[in-house]
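In structure tokens below, several structures.
After this come two complexes, each holding subunit A, first together with subunit B and then together with subunit C.
And now, the complex of A and B:
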């Protein structure tokens, strides 16, 4: 119940802030524009395969938008409360650290889920003109949602380490971009280093989802990525007891 | 004292963090080794085809694939190779940047980007590393140790393995990927080349001469494989040759106006009725579900039982089809009429036959014959319509005694972008989509959010 109360509080904070709607609108404008250009590309030269010629590109574009969007939503989770002193107030309530983390994580994830769900309008638009097969869309949206959960966990963790929203946002961008581009420049690293880095590449993990398939190892990687950052968040909050800080 | 306690606490934190990450890492290692893939694309476009799986099932010793990729293309090769390794634990692979390992590539006989060296049982084969069919074909060549030989007859206006849209260029490429080498030979110039694994008579416009048919009969009776793809045309010698084995080649033209394919002239026959359990149209567990299109078909059926020949019809047209007695009338588009000798109803268009004893003293297998009443379906223009490719390649594989290669070859849309799309939009429709996705939806969110926030704040 405590978790639900914290989720409700987080959702209230998001939905009563005009900034959230502005962010959501920018996200949808960009996602919609990408969809329109991807659709144009598919109509002109996309081949016969809708998942490969259209949805793949759309999912890859939306995940890039998530990298930009999620840190803006997560940076305030702990940093703002710490700055305003409300976090100290929260600790005076009979709540466990795990409940606070779970509540904030779920609240933010629900908001991001809502934004991702808003992009489901695009398949509905296409379905008016051409048969749309649900399978590849299920895979793509599952991948996007797992990726969003991983991003939120990462942002939550970074936010718990600082009282500056700016630092929290910038550091989250840094961490996510590192995991994103870790294998992009194959020429920059030797084969051994590359083989060690490849398993950590978020891009490589998401690519199969975007193409319309689900591999259990990728699902588990994204879940464990999320769990790892939530665990680090828990340990980071735990340090306040013996460090004597808020 | 206080400092040492603080240090101890930091050490405990580091230890906890390390243990958590180690546990999660181990879980991921298990996940990597016990993974399962769910392909949700239509046609299972991201999974290995049944034929590739059959080939990999024949790998009984360690097989190593070394791919030399162009920088930036590692991911696409890795995805395919991981599927191969998942299908066969004996497959190992290594991905190397050709620019970084040119000596290693030369040592394995690779000089181009995107090529793979396949090593198996002391043999080495160099092939394209993708698409899947090419790599699977390379593995098959490494397994077999030699290329199989297909001879196309020439001299009667037959289809050639390359050229215009009527040619068999794409079929020939597909056959090469499955470890066959094709060549054209005139049966009048001499005996069939030694080690001929299959003889193909592809769409002769003129009849074969009796000495040529004698050569075909000798080859067939000696345990050879023959595939005949015969368009509607007068071929009396060939008809008699087939009749000697109890097969009836109709001098007619099949049309199916009721099941006319969009964009066709109504002369094409769509074939969806296949005899269950035969290796050409219904290889075990992999039937040609989509049907096949025979653009200009004639009937081929089993007419009579002949001793030493085990023949059966394997594909029939739907009951809506007509066999028009005069092909010229069909081509003119005349309406079918029983009064003019046309025959309504389902008609056989493909037969298989085994000729000779199943086991003789010399250990030879019986000759295998496939006759399909159409040659167009395997041409470049029609090969990738519905299940045409599967029918053509399965016929070749069975007649050549390569049962391992019969089955469904999942349609792989090439990665290259092609200027062709089934989705057509008018300018007005495109503008409506732009407005809905870029303006209306975000605008609604902004307006609704503004109103809600305003009301919330006013309420206090």
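And now, the complex of A and C:
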């Protein structure tokens, strides 16, 4: 399977790069710190409802960490290969563009999944001295994972448009921030504009997951967001037909 | 007659307003080593990229071993090993690991992959550095890694874009030897602007300038077509002045030059000046130490072809 070959190569490159370990360390230290403060808050306020009082805040914090960290992981996916010239070489093998995109997307998503999965120690820790219900956690992690897939797809797409990792990373922040803040200033626009914008807010989609509920609409939105960016990636790579390889 | 390994008909490629390739046609037969010459910006790399399947031509047809590249792009890419200019590489992958990755992408069956990797490691002299990261290797070794990925899986067609650019003379010889060893087994089509290299490696050259074909054939044919003169080198044990006088009056000899090592005659293309010179020396009893016809200088031919091409464009 050529997709698997590309997944493997991407994983090798991540796991041999210092960047991955630095980002994973930052992620785990910050997620742990957030967990520590959230737990303190929960205990201090005499909370009883774990999903509402603790997990919700932890998931929202991890989500913010992902916005910061995922673009740093995705920026190299195509931009680096373009700069190195290896992308040109990739197109000479009997591999379809879709397979290359799928391999890179899955490889990067696996790395992010690994980082998210490491945060599962917190519920396991809590479960040692307090009854934990699995359902809301599963919903939260599903939401987090779908969100991560959307971020990765977005970063992959932007990375396919440039040969500069820096530009790819910065532009991915731009796109993700836009989808984050699009509904922040709801009062500033009229009713019609707001009703057009609200459905596109990526992050409003996550609140229900964080509270332990799964709405099919949200799942579909996140999946569509991911697929849309993967499709644009495909189109971006196809421009080499008339634009050349650079 | 079997289909030619590479057949290109009416190939054009435009990037926006730029016409990189302006309609070229040629064929390369099985087992041939053909050089692809042209000044920088002539459209060599674009043509090679089209052959390697990186992007399709704007118009025109490419057939590899009889298969239409537009209809069966993946099948055609399987026939080709491509070595891009500057041999790009992943600095953080290890040589053997990288070649395994290439073998998987080339869809070699699982059982064939390890033997294929071992074979190209051996063919390119990379066994000693198989576990080194490519980024830590010298330029010559990296170039060999580039050649190894092209050779991996034994593709019948090799397309090499400036395989010796940026190497030191020793490394150039190594890469040339590698290519020469492929003669007869593979069809090799390679671009270069180093003329001595093309002369050393291929029996046939294709010359383009400004995206157009300006010449095709053996170096000898090309020079003949351009009406170049024949050059004959003669070393003889006799009184120099008398020899020069005797040579100058021979039929077919247009010019006599007296060099350090002997005489150089320039003769008309259709006259056999070498024979006439030999007989003349013998008649006078001057022993001939050396008499040979010099191969036409490809550099001259190239410059004239390219000059014509640019004037026409």
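Everything below uses one rule, namely that the second predicted complex is superposed on the first by the 244 of 246 C-alpha atoms of A that agree within 3 Å, B and C clash if a C-alpha of one lies under 4 Å from a C-alpha of the other, contacts with A are read in each partner's own complex, and residues count from 1 in each chain.
The rule we apply is simple: a contact is a pair of C-beta atoms (placed from the backbone, for glycine too) under 8 Å apart; a residue touches a chain by one contact, two chains touch by 3 or more.
Being a predicted model, the structure only gives us computed values, none of them experimental.
Engineer: Classify the contacts of A:133 with the two partner chains as first (subunit B alone), second (subunit C alone), both, or neither.
Structural biologist: first
Engineer: One more residue to check, A:178. First (subunit B), second (subunit C), both or neither?
Structural biologist: Neither subunit B nor subunit C is touched by A:178.
Engineer: I want to verify the contact counts: of subunit B and subunit C, which reaches more residues of subunit A?
Structural biologist: After superposing on chain A, more of subunit A is contacted by B.
Engineer: Contact-wise, after the overlay, does A:85 reach subunit B, subunit C, both or neither (first, second, both, neither)?
Structural biologist: A:85: touches subunit C, not subunit B.
Engineer: Answer with first, second, both or neither: which of subunit B and subunit C does A:8 touch in the superposed model?
Structural biologist: In the superposition, A:8 contacts subunit C only.
Engineer: Per the contact definition in the header, classify A:16: touching subunit B only (first), subunit C only (second), both, or neither.
Structural biologist: After superposition on chain A, A:16 lies in contact with both partners, subunit B and subunit C.
Engineer: So, A:240: does it touch subunit B (first), subunit C (second), both, or neither?
Structural biologist: So A:240 only meets subunit C here.
Engineer: Looking at A:224, would you say it contacts subunit B, subunit C, both, or neither? Reply first, second, both or neither.
Structural biologist: After superposition on chain A, A:224 lies in contact with subunit B alone.
Engineer: Tell me the contact category for A:94 with respect to subunit B and subunit C: first, second, both or neither.
Structural biologist: second
Engineer: Which positions of subunit A sit in both the subunit B and the subunit C interface?
Structural biologist: Shared contact residues on subunit A: 16-17, 242.
Engineer: Quick one: which bits of subunit C touch subunit A in the complex? Just the residue numbers, please.
Structural biologist: 15-16, 46, 49, 52-56, 58, 74-75, 77-78, 80, 82, 84, 86, 88-93, 97, 101-102, 104-107, 149
Engineer: For a test of understanding, state which residues of subunit B touch subunit A in their complex under the given definition.
Structural biologist: 6, 9, 13, 16-17, 20-21, 24, 27-28, 31-32, 34-42, 45-47, 71-72, 74-75, 79, 96-97, 100, 413, 417-425, 429-430, 433-434, 436-439, 441-443, 445-446, 448-450, 452-453, 456-457
Engineer: Looking at the complex, which residues from subunit A come into contact with subunit C?
Structural biologist: These residues of subunit A touch subunit C: 1-2, 4-6, 8-9, 12-13, 16-17, 84-86, 88-96, 240-245.
Engineer: Spell out the residues on subunit A that touch subunit B in their complex, using ranges where they run on.
Structural biologist: 15-18, 20-22, 24-26, 28-29, 31-33, 35-36, 39-40, 42-53, 118, 121-122, 125-126, 129-130, 133, 135-136, 138-139, 186-187, 191, 199, 204, 207-208, 211-217, 220-221, 224, 227-228, 231-232, 235, 238-239, 242
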